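Some notes on the structure that comes next.
We just call them A, B, C and D in the order they show up, numbering each chain from 1.
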Amino acid sequence: MTTVAFIGLGIMGGPMAANLVKAGFDVTGHNRSPDKVKALVEAGGRGADSAAEAVRGADVIITIVPDSPDVEEVTGGDDGIFAHAKKGALYIDMSSIRPDVSVRVAQAGRDAGLRVLDAPVSGGEAGAIEGSLSIMVGGEPEDVEAARPVLDALGKTIVHVGPAGSGQTVKAANQLIVAANIEVLAEAVVFLEAYGVDTEAALEVLGGGLAGSTVLQRKGPNMLAREFAPGFRLALHHKDLGIVTSAAREAGVVIPLGAVVSQLVAALVARGDGGLDHSGLLKLVTELSGRAKDKE
Amino acid sequence: MTTVAFIGLGIMGGPMAANLVKAGFDVTGHNRSPDKVKALVEAGGRGADSAAEAVRGADVIITIVPDSPDVEEVTGGDDGIFAHAKKGALYIDMSSIRPDVSVRVAQAGRDAGLRVLDAPVSGGEAGAIEGSLSIMVGGEPEDVEAARPVLDALGKTIVHVGPAGSGQTVKAANQLIVAANIEVLAEAVVFLEAYGVDTEAALEVLGGGLAGSTVLQRKGPNMLAREFAPGFRLALHHKDLGIVTSAAREAGVVIPLGAVVSQLVAALVARGDGGLDHSGLLKLVTELSGRAKDKE
Amino acid sequence: MTTVAFIGLGIMGGPMAANLVKAGFDVTGHNRSPDKVKALVEAGGRGADSAAEAVRGADVIITIVPDSPDVEEVTGGDDGIFAHAKKGALYIDMSSIRPDVSVRVAQAGRDAGLRVLDAPVSGGEAGAIEGSLSIMVGGEPEDVEAARPVLDALGKTIVHVGPAGSGQTVKAANQLIVAANIEVLAEAVVFLEAYGVDTEAALEVLGGGLAGSTVLQRKGPNMLAREFAPGFRLALHHKDLGIVTSAAREAGVVIPLGAVVSQLVAALVARGDGGLDHSGLLKLVTELSGRAKDKE
Amino acid sequence: MTTVAFIGLGIMGGPMAANLVKAGFDVTGHNRSPDKVKALVEAGGRGADSAAEAVRGADVIITIVPDSPDVEEVTGGDDGIFAHAKKGALYIDMSSIRPDVSVRVAQAGRDAGLRVLDAPVSGGEAGAIEGSLSIMVGGEPEDVEAARPVLDALGKTIVHVGPAGSGQTVKAANQLIVAANIEVLAEAVVFLEAYGVDTEAALEVLGGGLAGSTVLQRKGPNMLAREFAPGFRLALHHKDLGIVTSAAREAGVVIPLGAVVSQLVAALVARGDGGLDHSGLLKLVTELSGRAKDKE
């Protein structure tokens, strides 16, 4: 039976670890705040007091933690994963972090005798619970194959997109596209409202043509209703757009829409709206268009 | 048998008129350059030498011409549609024009005793041929009902979105969303290429998540291949973005992404790329990122 | 003694007409709201009840009215200037209007036997009162020379910039530059404040280097104090940026900064801040950066 | 006699060190590539083989090196300035670097018993040679006073703008303003050219009004002539805009124009134009407007 160490049992990691238990893996979980471990134990897994303890002897090690420095901290140092994992173990980082950090972590892992993948996810809390995440995987082909049984228990679309760090690059591109698709939908919604159009009917017909998108379908109705409970918080999307803009800059890639939508997301966060769903971009467009009072 | 006058037998209007013939309508067509009329006659319709002649006695009159001034010209004046149509006829303008002009034309039509709808379409030449267009209809509810048999022969998604002009407003919103969705996809593609990611695999996984869109699905593969044969030409999208930006300005709606993508489309047209498909935005992003030589 | 008809005795036109009286011209003024005429009469000029009456027999005719349609209205038609001016009179439009309208008006004026210049001004109410305006003149060289005695009484920098309409084009460029210079200064100010820098000292040193500008010098101190009493109102700058963006579009000129700053000015106007000085762009940047409460 | 150690004898540092010799200071210089040291020796200074040797016993230590990591390297570690400077020496970093790094370096310097100022400059090579630089100084007031005799030999406008790091913050703001002022001038120039205006006359009248700026005055004529020899290279301005955008992001300051102009500068660098003067932004605007062939 494959043993899995799972570090990071938050909103995403908690249900993902539970899905691995359900799929028959022997899962030992660790989390910085220990109350989350309890839920895993109740679901049939085991708990560990430290990452070092969790990974000892594990065949597969998964981390899903908030940001780049967290991954570096949990993997490196005397108490870190790489110092305590068995040689040849498969390390899969499912956090969304900077591609360059991901490449550096992969190198450090390989230096420690591990096989390493980056495999960030898309699909949100619902996808984590249902095991229907999209998973974008970077690393060596044979390691991706080795990881498939585990990843299959977590997601529906699992695609190998290139060498180490590539998963993070694709995730960054994902966040770029999503932000712009939301923002332009927000601009369209305020435009339609300003002209007194039936916006529900409009979204129906827009969704049926070339303007259709998953954002329009999933976020549109809540946007019309100005319901901005997350979902995916603007503060996190802000972090991700920081990754995109600096990675684009590093590579000499010019992203004018990305740059502008990053400013708009930054504005919402600066104003204290970082806790809203990212579709809350509509709130800003509404206010900038002087329509705040009518609508909210 | 309902008689239909059809003015404007171009890339879109030609197959649409033919579909009406197929659906059993008695169609008389007129076109500025008369060679297009011949095709309609071969398909079983009749030809007319002038708009005035075409509309005389018709139950339903359809126009689909390039731009706002064309609609005003073909409807107004002594030789225009409104001077020669029978009272109570149903006039449907399926061109994509300025919403304010559409409202003005509707008023003039009503003053001349007609019932008037604006019903621009989305779906391109393919949709026109297959009769699968999305049609966004503005006007009075009872007139929309009266028009349904005709519109059903032309499209698949027919949605009444509000009073006169609303169809044009929704079409403008459609063009706004499509332009931004293409541009941000272009930015993402160059970003992925710069990092050496497997872009086909990346588009697959992106398409399966919140970044998915009709643009990604339909335009993505051609974009990766740098095939920019139209499709929908940048020059036309440029015209439409002129409508969007000035209509947004009139209504006090702030559209930062719309403004930026309009500049990028304008640049392509200014440089002589107006004949490319609108996915040709990728060409500009590629060049701005200094990657033109590798890729094209 | 040269007789001058002066149409439009507002904030700018009033003191300009008075300066012409002071300089020894025989000035007959007309204004839509007649109370402004009284001030001119008190200053030594004469009043007229209509534009037609004012221009009859005048050697020089000056208009300075709010917008493009106003110029077309006051010059055209049976009651208009062109129908009543004497042949060979010199017509100088000092309004800030669309360059294409200016070209059209010039043609109509020449058709009516007049010599025509466009000569919009920069320098504000203070410049109008002091006679220190900058005047950008479009038209034929010999007409510019003929106009110099009059223009010298109104401004300090009088430059012939090209054929008919060129004055308006340069004025449009002026408004483009001013808007962006204000906006980027606003961004810099909020940036400096956020880092706790001594902003007065900072503006001093910035003004001494390559970042120096007339905007920084004249608007900077009031901006630091958040004093936004006009000066030049955002609503008017919004009108002017509409001229710039559509003229740039017509000519295929790509103006990314112009497009973005136009959106920001539009936002302020949409929100109800159109009555503030254009340096009020700082208010928006402050709020977007979540610093509104600290500062205003 | 005050002894000065001067580290970094490049385009800026070389003439600055020579000015200190002229002003009567006892200057010992060090440079990574030693040939620059020779020029200082010829000017009357002394050379040192290492930074450590140069600073030993010096009353004042000045660094002016390319980027943030260079400052950290030259100050830190066993061979670094802080390990070898005498207690109480005054350390002035005149490089243009990240404000946060500047704060960190200042703390490290104070921990090593030094007094520390950040004092980046504006004014270019000409200002360095003439001793007419603008110098924006961050640090403790008494240290600024102590540094004045030295700074007076280097610049004309020396302003204390706040605590440690503030000089760098103001320099970042300077680069933000300059970039946008150049870009909008470029947009205006292409706009004027497209309309056939006399651009030299136009710049004259624009410079006399609210659109006037040091950029217009110093860069305008070369821009009209499309002479883009540096001056200040786009590649360096690109580095500086990276500092601005990330520092703005850190502080939650929204800079839409800054974000857009950063993309344009990045495009020029990506395309291989990083060696042009920053007024080369005009080259990009010209090309985006399809006017490249006429003009260059």
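Just so it is clear, a residue touches a chain if its C-beta (ideal position, glycine included) is under 8 Å from a C-beta of that chain, and two chains touch if they have at least 3 such contacts.
Keep in mind that what you see is a predicted model, and the values were worked out from it rather than measured.
Student: Count the C-beta contact pairs for C-D and for A-D, then tell me which is higher.
Tutor: Here the pair linked by more C-beta pairs in contact is C-D.
Student: Would you kindly state whether over half or under half of the residue numbers at the chain B/chain C interface are used by both copies, giving same or different?
Tutor: same
Student: Measuring centre to centre with CA averages, how many angstrom lie between chain B and chain D?
Tutor: Here the centre of chain D sits 52 Å away from the centre of chain B.
Student: Counting only Cα atoms for the centres, state how far chain A is from chain D in Å.
Tutor: About 39 Å separates the centre of chain A from that of chain D.
Student: Would you mind pulling out the distance in Å between where the CA atoms of chain C average out and where those of chain D do?
Tutor: Centre separation, chain C to chain D: 37 Å.
Student: Please set out, as single numbers or ranges, the residues of chain D touching at least two other chains.
Tutor: 252-256, 260, 267, 269-270, 288-290
Student: Would you identify the shape of the chain contact graph, picking one of line, ring, star, complete or other?
Tutor: The chain contacts form a complete graph, every chain touching every other.
Student: Provide the residue numbers of chain B that touch chain C in the complex, in ascending order.
Tutor: Checking each residue of chain B against chain C gives 242, 245-246, 249, 252-256, 259-260, 262-263, 266-267, 269-270.
Student: Any idea which chain A residues touch chain B in the complex?
Tutor: It is residues 99, 122-124, 134-136, 156-157, 159-163, 165-166, 169-170, 172-174, 176-178, 180-181, 183-185, 187-188, 190-192, 194-198, 201-202, 204-206, 208-216, 218, 244, 247-248, 251-258, 260-261, 264, 285, 288-290 of chain A that touch chain B.
Student: Going by the contact rule set out above, which residues of chain A touch chain C in the complex?
Tutor: The contact residues of chain A facing chain C are 256, 260, 267, 269-272, 287-291.
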